[in-house]
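By written order: A, B, C and D. Residues from 1 in each chain.
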Amino acid sequence: MSTITRILNRYKNRRTYNKKEFVDKIVRVIFMMSTILSASFIIIIIIFISLKGLTPFVTSNSGIGSVNIISFLTGNVWLTGTAFQSSLYSIGFIIVNTLFIAFLSLLISMPVGVLTALFIAKIASRRISEFLRIVVELLASIPSIVYGLFGSGVILIFVYNLAEAFGIQSRGGNSVLATVLVLALMTLPTITAISEVSIRSVNKDIEQGSLALGATRTQTNFKVILMSAKSGIFASAILGIGRALGEATAVSLVAGNSKSGPSLGVFDITSTLTSTMLEGLKETTGIDYDIRFSVGLVLMVVILLTNLILNYIKKKVGSIDVK
Amino acid sequence: MLNKRNIIDIIYQVITYLAASVGVIALSMIIFFVFSNGLKLLNFGLLVNDYHAEFYNGGIDDPIFTFSHRPISLDDKVFYSQKWGIGLVDSKDREGNPIIIIEYISGDSPLLEIYDKNNEESKEIIGIDKGFLVSKISYYDKNTSLTMYGAESMINDIESTNEIREIVFSSLGGGIRGSIITTLYLISITIIIALPIGISTAIYLNEFSSKNRLTSLLRSLIETLTGVPSIIFGLLGLAVFVPLTIRFSEATSANIVSGSLTLSVILLPIIIKSTEESLKVVPDSFRSASLALGANHTQTTLKVVLPSAFPGIMTGTLLAIGRIIGESAALIFAIGTAVKDDISIFGKSTTLSVHIWSLMKDEPANIELASTIAIVILLIVLTLNIIVKLISKRFIKEF
Amino acid sequence: MNSIFEIDNLNLHYDDFQALKDINIRIEKNKVTALIGPSGCGKSTFLRCLNRMNDLIDSCKITGEIEFKEENIYTSNYDVISLRTKVGMVFQKPNPFPMSIYDNVAYGPRCQGIKDKNILDEIVATSLKSSALYEEVRDRIKESALSLSGGQQQRLCIARAIAMEPEVILMDEPTSALDPIATLRIEELMNELKKKYTIIIVTHSMHQAARISDNTAFFLMGELIEFDKTNKIFTTPKNQKTEDYITGRFG
Amino acid sequence: MKKIALLGMIVIGVFGLTSCTSNKEDGFDKTKTVTVYTRDTSSGTRAGFMSGIGFNEATEDNSVLVDRFVTKDNTGILTAMATDEYGIGYISLASLNSTVKGLSFNGVEPSIANVINNTYELKRPFNYVLREYGDYNTIEEEQIVKAFIAFLGTIDGSDIISDKGAVSLDTNYTWDDIKGNHSICSSDNSGITIKFGGSDSIEKIAKALTESFVPKCGDFVPEHDHTGSTDGFKRTQGSEKDGDNAKHVGFASRPFRPDSEVGAPGTQGQLAWDAIVVIVHLNNELIDVTALDLKSIYDGTLSIWEEVIN
């Protein structure tokens, strides 16, 4: 028996069972703890937002009277009466505005983003696509306030002149259209980046299979590659709409912050749940402050529901996936 | 030969090019906008200077006037006082406010004798020099010369007086050194907090957890976190992390640590998601091979699986850093908006993007400096991007 | 008979599907045992039972007894990790870790807590020599294992397995992903290795089984149809199904 | 290469299209409707403006305003008036620049001189509030705050206020004259932090004041955290005076509310006036506007420019 064999046997026949299993168990518990910690934040947020956000509905708001939840969710004037002295808040029209705007912005950013991704992944040369990818990554990290700056410095003027060209008097360009354009710009990097990854991960065999059957490059790109990358593209839409619904700073600079509605004309001023929240957060107590948390609560519910619906559609779409 | 198929092909192609170019144009317009507004303020001084200017209150007794002539080399825009031997020029500071700068001071100017008025006993000479700002000069016999009236009126005022009661100087402030340092602190602390938690969560979900209801519940709770708008994270920071850090540290208000904790929560889903994606790509054969060699689960995960997932985790981290640099809505609540020069991790300060936010909130807003800071942000992100690409390239090459 | 594994009434279920039915077999020490049969017959599943790699599959349920050196390995407090150090395994596709050649071979010993550099050096050198790889890689032992060719990678995986000096090496179609020349080298290697180790090999190729093994077991639909000396199986099979298979009527 | 050329052509084409929509110079169309811009209900400028035009009920109530008004911040209104030919809004006099037209109010031009001589009526006070005497951590803090308030009343203080665009109050003594009364300023105060808060409209002035006062008073450390007028009183003598955000000095860019913001005697005062200017686009023919007209514009009675420009 060689020395090595003796040493190895010594290590192998040590009763390692307990120790190693024990280490595994400990490590598992540590990892599980951090998972529970990660998961607990959403619960903390929900509890905290609910506590604050439900206050206006269940308390008398120091004598003003509680907010009626039905009219809060369905009404079409933000506040009737004086701030801090009235409980007649409603956000029905703001919910409609928010969904309308998010939908329209996705309508622009989806095709543009996906086709840009297709261009980067399949058409452009290596060098150009490398460059474009860096541009997209940079844009994803631009603070939203800068998008707001661009919106108020360029897009508002563009929309104002556009409306004039159509013979419509817009309110300084503050409009549904300006908001939609800013949000489309902001969601573009997210959609492009994620779609590109999913387009790139489409199996080469499928692509070559299509080409081998005599399809042209363009036909292959549209009929096979985009179809196969469908679920990833859908995921990018979900993230995109999340950002569109949750964006606050930039939107409040171009929306015009209307106080009644809903606003369905493209040149009409509008408001979103986030811009409404942001406007009153300067104060720190009182009903006009607490009600912003109710708006935040509604916003989270809206985002959750949208995600659920989109995920459901994604599953439906995914089940007829081209494999 | 153009047949129908070719025409359709061309139409599709044109649409693709059009869409891609719309994306490119929109994106380049933003970058153009930022650069055209902000490039002229960008210089090294901005990056390394303090935000708060150093102020001096100068006094002068029995001045001996000089009668040095105006140097010929002096630009026409400079106003010169022969009596006091000083040349002043109108300018703008980094925040766009009007200022008056000392452009020239002659060797025998009485103003060189100015002493520190706040220290009456020692009468220490301040030693003013070219480049200082004069914010005001007050007299015994007439109204104060102020910055708002311009350099010309200030020169006229001193030329017609023999006594100066007080002259206030300052250095040029408005630098963003403090905000850059805060941003770097925030990135490091946030990554130190979020990366271990995020990676261990991803490992648990992907390697250790068994498929049961609890796991899928935990997973969907974490996924929900991605849908929360950042303004709500800010409120969470204000309500939970700020009091927590005040309780357990020397902090007395919102601080860098509370900001980092808040950002960590924002980043967790991003890090978890990207780590999990890269863990999924690690082939199962690695795991079986390691287990077959008598390694336990922990050894397999830490020695084989995790290193293979490393490039993916790096990319996720980069995304996370981009998010830290760009975040403002949450940080306004969780770290505060006070621009500082001496940064301590338990003190208030601002990151670059919050700095932009507070510039925009000014009346009137300073769009130039805001754009300049945006350029700095873009440059930092670009640098990090390149660094990470190099690291992962090296890593892939090595193994 | 000097047997190292004794398997009695082994049954294995994946949820509702029974993958192994009532297997009884004795594996001889220091012999090469080949497991043959058509795809999906359960031979690989059986192999993975021997070092409890099936534990990783949640839906897998096992009844019956597998005794390794007269000890049942399917008892709740049996030391699985120690078992795997004694029963090594080589997989179908070469799967070296994305580390250096040295680190790949030293991986197993390190996991057992061996840290002494000299000992590790010696283990690595010995293992690479026994797997006939040493001469080819001695100058680039610190380079990435992924830079090796497929055949070299598989020999590295064998070196990695024998670094632990196991008593048994399980091989799951080790040459199916390799070209004929690389296959030949691995087969030569197995001939060397069987002097020291017990080898159990799953193979698709009946020629390979005939060339290298001492004993052969034929599996069909989760059942062990026949187990005997290799030359007997290939010349005078007792079972009609075995004969049909080896004469190429199906499979 | 073909691809790059094609892409380049498209880029040029789209740029060309966008640049075609340049401003037209066909004068002011009086038949258009007025677009009303306002600050949000928490703004001190809005409070000053609404009370100045006799429309107090609109200070914190949006529902009495004309339908489809636009809510923006100070900068937003300023930039909007540079674009929107038919808009009307109001900003602080300090922000007024040449990109927009500032209107006379009741026949008086908006200028600092007219504010000082009390003829320009559209203005609001800048006020301060201190902690109650005796409610400081140390006696030094209280003395520095007292010295600071004394400094506000000097020529040196009012110079700084004027320099930042606000209208300072009349005074005739300098800091040098009174600094003998504040012996605290001759000791080293670099370990003492004084916290300032309240109105964000006064933030710039407050910062300039402390920057200049710090070297005069032993280098104490000023900490500015301006969140809004309401917090000025709340964090010095109100509900949050002992909280984490407690301040030594608070500011309000509007009068203190007589019902809820009355502090201990001698702890509140005014430091300056701020004029509010009504602004319109440069093309607008209007040069003068009355309080009554403004009220009618903001409550929606006058909605077409013709009705305003007689």
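Structure notes:
Please note the rule applied: contacts are C-beta pairs under 8 Å (C-beta built on N, C-alpha and C of every residue); 3 or more make two chains touch, one makes a residue touch a chain.
As the structure is a computational prediction, the values presented were derived from the model and not from experiment.
Counting steps between touching chains, the shortest path from chain A to chain B takes 1. When chain centres are set by their Cα atoms, the one at the greatest distance from chain D is C. The greatest number of inter-chain C-beta pairs in contact is found between A-B. In this assembly, the C-alpha centroid of chain C lies 82 Å from the C-alpha centroid of chain D. Each chain gets one centre point, the mean of its Cα atoms, and the points for chain B and chain D are 26 Å apart. Averaging Cα coordinates per chain places chain A and chain D 35 Å apart. Taking each chain's centre as the average of its CA atoms, chain B and chain C sit 59 Å apart. Among the residues of chain C, those touching two or more other chains are numbered 81-82, 85, 112, 164.
Residues of chain B in contact with at least two other chains: 17, 20, 22, 24, 294, 296, 360.
Across the assembly, chain D contributes residues 3 that each touch 2 or more other chains. Across the whole structure, chains are in contact as follows: A-B, A-C, A-D, B-C, B-D.
Taken together, the chain A residues at the contact with chain B in this complex read 12, 20-21, 23-24, 27-28, 30-32, 34-45, 48-49, 52, 111-116, 118-120, 123-124, 132, 134-150, 153-154, 185, 188-189, 192, 216, 218-219, 221-222, 239, 242, 245-249, 274, 277-278, 293, 296, 299-300, 303-304, 307. Touching chain C in their complex are the following residues of chain A: 4-5, 7-9, 11-13, 15-17, 20-21.
Across the interface of their complex, chain A is touched by residues 3-4, 18, 21-24, 32-33, 35, 37, 40-42, 57, 59-63, 67-72, 76, 79-80, 83-84, 86-87, 227-228, 230-231, 234, 239-240 of chain D. If you check the complex, the residues on chain A that touch chain D are 77-86, 123-125, 128, 152-153, 156-158, 160-162, 164-165, 169, 171-174, 253, 256-260, 268-269, 279-280, 282-285, 288. Partner chain A is touched in their complex by these residues of chain C: 77, 79-82, 85-86, 109, 112-114, 119, 122-123, 126, 164-165.
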